[in-house]
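You will see two complexes here that share subunit A, one where it goes with subunit B and one where it goes with subunit C.
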Partner chain A sequence: MAESHDEFLSSDLTENLKIIDEKMKLTADLKRRKLMFHDKTLFILYLDTITDKESIELHIINPINKQESDSIEKTLGAIQFSIMTTFKDISTSLAEGNSILLTENSNIAYSITTSADENRSVEESVNEKVTMGAHDSFVESAATNISLLRKRLRTPDFKVEYHTYGPETNVQVAICYLDSKVNPNVLQSIKSRLDKIKDNDLLNSRQIQETLEDFPYSPFPQSLRTERPDRAVFNLLNGNTVIFLNHEPSALVTPISFYSFLRSPEDYNSRWFVNFFYYCLRLLAFILSVTLPAFYIAVNAYHSSILPVSTFYTLKLSVLNVPFHPFVEAIMMQIVLELLKEASVRLPSAVAQTIGTVGAIVIGSAIVQTNFISNTMVVVIAITAVSSFIIPNGEMSTSMRLMSFPLIFLAAMFGFIGIAFGLMVYTTHLVKLTSAGKAYVEAPNIIQSFFSRKNGKGQDANALE
Partner chain B sequence: MKKVTRKISVLLVILPLLTGCWDQRLIVEQEVVNGLSFDLEDKKIKSTMVVLNIIPKGTGFFDFKNQISSATGNSLEDTYRELRAYYTGPLTASKSRIVLFGESFAKKNLDAYLDLFFRLPDPYLGSKVAIVKGSEAGELFTLKEIGTNPIAFGLYEIIEAAESNSTVPIGNLNILFTYFNEEGKDFILPVIEKKGEKVAVSGAGLISDNSYSGKMISLKSSSLLLLFMDKYGERVDLETYLDDKKKLNNQVGYRVVKAKRKMDLKKDGSGLPVVDLHLDLKVMIHQYPRTEKISDQRMEELETLISRDLTKKSKAIMKQTQEANCDVLGIGRKLKETDPEAWKAIDWREAYPEIKINTKVDVAIEKTGILQ
Partner chain C sequence: MLSNKNLFFLIIQAQVGIGILGLPYILYNDVQQDGWMSLLVAGVLAQGILIILVALSRTSPKETFYELNHRLLGTFLGKIVNILYILYFISFSLLLMILVSDVINTWILHRTPKWAIILLLLIATTYIAKEQILTISRTFLFFSILFIGLIILLFMVYPQDNHFGRMLPMGSKDFTEIVKASPDAFVSLIGFEIILFIMPFIKNPKKSLLVLTFANLFTVLLYVFLFITCVITFSGAQFSLIQEPLLYLFRGLSFHFVERIDIIFLSFWIVPISTTLVVQLYNASLGVQNLFAIQRNKCVYLLAGILLGLCLLPVSYSIKESLSSFMIYLNIIFVFIFPALLLIIAKVRGIKA
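And then the complex of A and B:
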């Protein structure tokens, strides 16, 4: 067991350096500098690529060269450091961007924080734009993100917990919550779930999302991913937990209710009736984007009796020369739409505009003129797409659009009965769904307070959240 | 266990594929019946059907064509079978606008023949129903259009206009169904007539015991009848001669603003009911021979004049309904409700033409229009 014998530093400096070199696999960016301190030889080791050289110069080399004090501890007094005794700790510390100070005839090493903090500055959110309200958004550093939250929540109640996951990636995960508001059971379950990812290599927030989800196979996102501090703070105040993954510019909010996905951060900045209108509009959009194409197909193929006579003839006129079954039409149009959308997302913005034109003019009107797809079907799919796009959350928006496919199939097979059956399955699933142990869909507070007279008043403030 | 799950999931996929779509009726394939008419020809039913075909002519433009076919048979289904053979797709009556009866057909027992419409879920119960006078009902469909509307739509709208002008009460197949099953109440149907290349509503046909009596209330008097029925439409316009001379520009025209009807039943010595009908009208003068201020005294004179005139007219109308044996006011029903013993004692079909109906109209002029 020679290895375990070498775990601890010896007092032989050259031997120590050699073992550290081996531990770091002789990587090319591991630099060492030799210094003298009161006639003792010192070595500073650091990874050239992730350390802040200025900080090393200023806080380590300068004080040592000046030899202000007898002991190294006092010389380094101004900067944060820790003492290490094992090679394993030293190599991990190096990989994190710290500098290691080794001294002659000593079996301890100093690990000094010198990691370069190269961050994007706080900018306006790209994915969650608002016209009113704060314009800052999260960046790729958990510390900066937490500072953005702290700026808004100047209370000792706001608690942050750091955990490090992933043996290879060693990434920091910060769990933030308001101690007095959070449900301890929910918090406990979140923590125990996060512990499950210890064996995996954590890189994306999706991995955290996956472990936090009660139903990973559900089409609905069960934690809210947001780029906006104000939204995160709002959720914190509601007793939810915000989780940051270092190097990810978004916060995960959990537990979350379905209704939160229909909320835009702008809502909290507008008057109640404007707010209410947009909320209702989004609810309508949700219903439309899931059921509209299916409804159209069912009417077209089975239930044209329900149409008023003028609508019937308008419809008949538009589908008269189309050679396909409405089901095929709908699937074709949906696929064309997804193609266009995906193409414009992946392309640089200058080219994306061209895609928009091609989509609208070439495909949109030409496909109708060639009688491949009827006018009404284009309108129906366009309304479906636009409805799904007004959902403020991208994940939810895509889920909704994709959820219309099974309904389209059922409508083509069984008409309204199929839609009813499909919606029944969806509703059952939604009602059963939980997010971190809390119900995903409940009756909104406004309805709950209406039925329970006791706390009827004073509950309406965040009635719709 | 795994095998069972696999079998079930295969079944779940295959079953919808095998069973689905069986009742599919695509819009494209459907032939939409817009109008139906029934005549009597050599003691057989002759059904005529009009299907509207639209012909697209580029984006946003289209033309239409009426496809008319007739068939004769002993029952509606008998003719329907033959009619189906004329068309390219499955026929649907879900968008039918109008059902026409020839005069001779209407004199048959209507509810027995229309049973088909009420048993199937497909036919549109909002279709208007009318009797065609003077020509065969099917002949009306040969006109291509009324105004700019295709014939069936035009007929529908003509009848709808007659309803809002208080010529006939609001009626369609659905309302007809409730009348068919109602004892002690008859109904009226619009009578339309082909005049050259045009079609017009010429009055309200009195239906007695679910068949057409052959008598009709003319266009002029039907509004008053509707007031007595308490089923008037959006507008009721009436007019009265100022004196006995029926000369030019000698009428006062008035619009009913508010109407209140009262029906009282009493019994005479022989046990037959005596009906007192009282109609209270509030009217607005909208036409007067001279553009001048009508004095208060003149106003009172007008009120008594109009009241007397309407009372006289209403007596005549009630007489007509009695002659047709058409209890359109539902006096029988009222009797049944208020005095079931008396109702059981008499045969209403025989009693109705004999009973005494007293009418009285009271008119109050409320406004004289914008002119004071």
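And then the complex of A and C:
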């Protein structure tokens, strides 16, 4: 029965300590402290890298030294603890940041919550800025994030479920929803999908996103990643589910509709016509960022006859001295743009301003003066880029910009016909997509959704966020 | 399950397609300014057929047409009929693709090889046709925005040099002549036969006939509007020469910032044309699925491969004329006569049982 001997605590204190040491692989940050309690020897074990030493001092060592009560349970009364009997539980508990209290001649151990949460304080959102509305954003702790939601949703209907995934990482995943509003079938499918990642090591929220999405190979994100509590709450009220991964400063919202990616939380703080205007602007931006370069190439290379004579001459003067096919021009310019954008993201903010100057002067005017790329092409690509930057969600914005490449190619091959076929395939793809079983794109029902907003129902036909 | 809205857009997208480009020309050459009467006659004919088709599919609403054939005609005969139907849909698609590539070659891409255009067309349509019928109908709903564009463009023709007097004299032709011209118009109304294959997927089968009637009415009215617009714009001498009057209609339009609306229109009108092909592919793929019991999306790939192969044959283009006149009769046989016979068989058997 060597196994059971290994598995359960014995009454031999030194033997127990030895086995725990072995289980923790003799790690250097495992500390132990010896104490006396009513003539019995006690040992406290903890990993000093992740425990709150003050809490150990205050809640464990002080009461034990004072010897206020006879039993250990009563002495520890003020702090949360649980009783453990197996070495496996103990080592897991130690790894989570708890302290283990071992007593002489006893085959049980106390696991006391002393983990130190090194948290960033709640700050303003970096990636989803607004001018009006709340400025708080999620941090790298699921508990803090849920507290931000609870602050806004003071109802018993708000339910949180914790699950732990990953054999090595043991990451906590919190599923939050409003019990009365969520669709039970959708919730069930979300849970069963999450269970599929049981065996993989969960580290970042992309992994959750992949398992939750019906079409993980699609270029369009089918779950919304947001840093803003107000946005998460809005979705909760619409019956969607919000998922937090501990140590990730963002919430995953699912199911979600395509239109939600075109909305910013700020919209709901604006007057209805401002709201409507910006929504339409973003729809336009979506269409422009996908089709504009392709359209320009088609006009330039195939269908310049659709231009009136005056416009035609302006265009031809601009491209007269450029030695490249407009397709090559567009691809070059798009790549330059992506390079500039990526460089400015990676550089520290003080240096990043230089990229702006380099982009504007070197790329902007010099490339035109050397006749590598025509003026009009620079304008077209710039408008495309700005349109895609308008989209409030970073993931969607990048997807949109990249979606213009296949269309550019088709336009260079077949002109407008290529664009028509490309858009046909794009539409079909978008219509085909589902997010947690719900349609991703419905026929636009803009007017209805704005009326229901005015009535303060908070819910609309399209779940337009 | 298809809602009424989905069904409506599915039907109009199946009906309206390449026919719209040449229809006024064909009708005008047959019966001059009275062509709109032929259109109405064809519309009534289509409505009658619709009633027959709906009655036939209602005899067993849970089965597609192919399964119904098996049950009513026995396995052997049913199989033969199903194969004939698949061949009909394939030849219809083939003709459609040849016509599309011809139009694109003459109007937009003069030097692009036909096979490249057809390959592009087949890739796009296969991508749609392999989806569920609900997804197909929802995409068609989005594509229907183009109809609004067409109608607006047609209205823009009116402020130009038009003569309503060209509609006169009304009814100068014999009624028999008008009826004789209606099969030409009927070809452009084809597409509603998809109802035979999608009856099991309709949410509200009882209202289907009403929805189909509205869809048919929409298509017929659109054609009549188009025909009248063409007649009042072109003189008789012009009209008998131009094969694609709709495109010439738009060619005359001119704005401050854009010209040659015909090219832009035709490029994007490829989408409604492709939807007709999608519907044909869908119908045929259901038949292949019934025949060989393989997944439907694989049937679509198979059919697309066959169609591409057929288009690559040089003979395909020389048979264009004969195929298109032949197709007028095939349509009537496969969409009207045979389902009517089958309905009679079903009714007789139903009484016996």
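By definition in this document, the second predicted complex is superposed on the first by the 439 of 465 C-alpha atoms of A that agree within 3 Å, B and C clash if a C-alpha of one lies under 4 Å from a C-alpha of the other, contacts with A are read in each partner's own complex, and residues count from 1 in each chain.
Basically, contacts are C-beta pairs under 8 Å (C-beta built on N, C-alpha and C of every residue); 3 or more make two chains touch, one makes a residue touch a chain.
The structure displayed is predicted, hence computed values, not measured ones.
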* What is the contact status of A:325 with respect to subunit B (first) and subunit C (second): first, second, both, or neither? -> first
* When the two structures are overlaid on chain A, which partner does A:369 contact: first (subunit B), second (subunit C), both, or neither? -> first
* To do: Give one of first, second, both or neither to describe whether A:416 is in contact with subunit B, with subunit C, with both, or with none.
  => second
* Looking at the overlay, does A:425 come into contact with subunit B only (first), subunit C only (second), both, or neither? -> second
* When the two structures are overlaid on chain A, which partner does A:88 contact: first (subunit B), second (subunit C), both, or neither? -> neither
* To do: Return first, second, both or neither, reflecting whether A:317 touches subunit B, subunit C, both chains, or no partner chain.
  => first
* To do: Look at A:301 in the shared chain and tell me whether it touches subunit B only, subunit C only, both, or neither; answer first, second, both or neither.
  => first
* In the superposed view, which residues of subunit A touch subunit B and also subunit C? -> 302, 305, 307, 413-415, 418
* Asked: So in the complex, which bits of subunit C are touching subunit A?
  -> 104, 108-109, 112, 116-117, 120-121, 123-124, 127-128, 131, 135, 138-139, 141-143, 256-261, 263-264, 267-268, 270-271, 274
* **Residues of subunit A touching subunit B in the complex** => 300-302, 304-305, 307, 309, 312-313, 315-317, 319-322, 325-326, 368-369, 375, 410, 412-415, 418
* Asked: Can you list the subunit A residues touching subunit C in their complex?
  -> 302-303, 305-308, 311, 413-421, 423-425, 427-429, 431-432, 439, 443
* To do: Under the touch definition given earlier, write down the residues of subunit B that touch subunit A in their complex.
  => 16-17, 20-21, 23-28, 30, 32, 52, 54, 56, 59, 62, 92, 94-95, 97, 122, 124, 153
